[in-house]
């Protein structure tokens, strides 16, 4: 068993809020992240695959193949997008880093051709990041 | 003569476009950065002051004072903001990294209490950054 | 189950030594880290919380709340301090990165309002870091 | 139980290929990494030791001792080397990051004087890294 | 006048040596960098353009255009290559970071469509980098 | 003319204060950096040499030679030291980053065997750094 990580980046706008609350109530819960005019981030994504080394290639998974899977299933849906308005897999979700990470997990979990998805790590800023391993509580 | 740099960060949404053009024309010029639904970045700002060392303190400038000047004159106006809609000093400007850097220069140039503003460096992503030194062409 | 990390930094002085040994004996065990005149570091701290996502906020824990808890319970006690002389929670401990990390764990473990403390990671230099997860041996 | 990490770096050349295949076949499997004229990387290695804190030193393991063990058993065998031609522990292996990481594990696992080897992390580029924990599949 | 920087990376093998000298003589001058079996690096390249902001776009230069120019004129000639054997613009040069940086300058200096080439910065390792600004001595 | 940079690091303790002032007065000027019990930093030093490329080696300066010069003339005098008490070249100086950078310049300026010293850059934290180029005001 070995773990292979591929890093990717994307830039997106978002707003943290619940539609049924007023701007003032959202401000109280989400602070300046609830700005109705949006703000945004350079997100850094790390996708970790666990599995065995293929003896004929020496790879767990060809990381260029993994890169293309991440591009098609995640990056194309979030890069230079408004995560609240344009990202189908976040529809009706508050686009917190937690919810984005879980959404990315669900986009990828059935698309991995070798080994299996082990972890999704998502950095929102240099000080904050979320990791999700598909664990049920 | 010595150079002192203070780093700061902010997160913002923006859109690159010219109001008099159609979405298609803007897409042709600005690519996915012209997304009408916005996108965003974690900007990294470096402000460089040039001047002499004050013999009584050993400082060119107290960097905590510089931090507060940057917070008041720049960060409070751009952090968690929509740069097109909410940042007065970018009004009627396309918020490219170039124009943001020049705008930040203008916010700071007359506010430096020791030495003088030498350079503003602004990173939009890990691959792209702009430096402005107040030079006329 | 998801994992949320908050990064913080502090600068401190310390000395690795045992009071009952001579300077020469301490030098043999701790090398230049036993300098009786102290030396210091920019420490980087990562605090990881594990738990479930709150459906009403989309957060595991509000990371600004976590930041304030870390500031109050850790940073205020170590930043710009002498860890041997001034940090109560390291009293009678050799302030190795290991002991500082365990001490930080103990400061935080009962203060986490959502989820639970999962890990404390402490970087002493760019080449050395310690992780503690509260595991008994 | 605590985890101590030591980082090290090395620069090496390699080629991904299987000797029984043609250059064209290798190109199809390994892409430009199969260039018969070699290419190379700045590898970053992180070695993680797990164990208990020694009460008399406050260390899990003296990281300067660990550095010397890594230098002698790993760095001296890979730094400024051709991993295909010159690194004994990779003989008859395709020097993928996966195989290098497993090879480094085997070089180190019996040489750790305090605690035990927990993980070997190896970064090939800023976007790709492998972790190996000695787990049998 | 403003300065725009685009970062790119490439991985390559090289050997520092002069063909007219013996391996022993080359070892004396170039140390382990003269290994006849090659070694390699992850190079980081920063290309800086100086010029004025185009009022209609707010750009000094479209950094995606600059990226493509760098890819075509530099990266395609050095990435996953042996710099001694395969890079035309380094023919008969010792591929030190200095000579690679000057060679990259010469590849780019006449290809910049807006503003002019100001500087080429090339990192060979995290501890060593070279900057060239086209200055004659 | 080309510029070659070598990076080095050191860890040290210091205190910002003037001996003729009270602790209260020093606190007012220097804030928590005046803690009488010291604090410390991981300093990052970048030394830049300017000069011409030696045709026979392709080097401006052998960076391993430069490393040894920096080690002997700077690092040995500051690493794991108390900069106020133990560093001769800072005697009677307030060890601000500015004064340390100028002191390092003076240690190195006459010791460079090829080209000449162009700049000393000193990072005190990830947010603050000083550059000195030997310019008289």
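For reference, chains read A, B, C, D, E and F in written order, and residue numbers begin at 1 within each chain.
Rule of thumb we're sticking to: contacts are C-beta pairs under 8 Å (C-beta built on N, C-alpha and C of every residue); 3 or more make two chains touch, one makes a residue touch a chain.
The structure displayed is predicted, hence computed values, not measured ones.
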Notebook entry, point to check: Tell me, which chains sit next to both chain C and chain F?
Noted result: none
Next item on the list: Kindly point out which of E-F, C-F or D-E repeats the A-D interface, defined as over half of the contact pairs being the same residue numbers.
Entry: E-F
Note to self: Suppose chain centres are the mean of their C-alpha atoms. Which chain sits farthest from chain F?
What the structure shows: A
Check: Does D-E or A-C have the larger number of C-beta pairs in contact?
Finding: D-E
Note to self: Shared numbers divided by all numbers used: is that above or below half for chain E and chain F, i.e. same or different?
What the structure shows: different
Notebook entry, point to check: Rounded to the nearest whole Å, what is the centre-to-centre distance of chain B and chain D, using the mean of the C-alpha atoms as each centre?
Noted result: 42
Checklist line | Inter-chain centre distance, chain B versus chain F - centres from mean C-alpha coordinates, in Å | finding: 29
Notebook entry, point to check: When you check chain A against every other chain, which residues touch at least two of them?
Noted result: 126
Margin query: Per the touch rule above, enumerate the chain pairs that touch, sorted by label.
Written below: A-B, A-C, A-D, B-E, B-F, C-D, C-F, D-E, E-F
Checklist line | Touching residues (chain side chain A, partner chain D) in the complex | finding: 1-8, 51-53, 56-60, 63-64, 67
Checklist line | Complex interface listing, chain A residues touching chain B | finding: 9, 11-14, 32-33, 35, 37-42, 79-82, 85-86, 125-126
Margin query: Can you tell me which positions in chain D touch chain A when the two form their complex?
Written below: 16, 18, 29-31, 93-99, 101-102, 126-133, 135-137
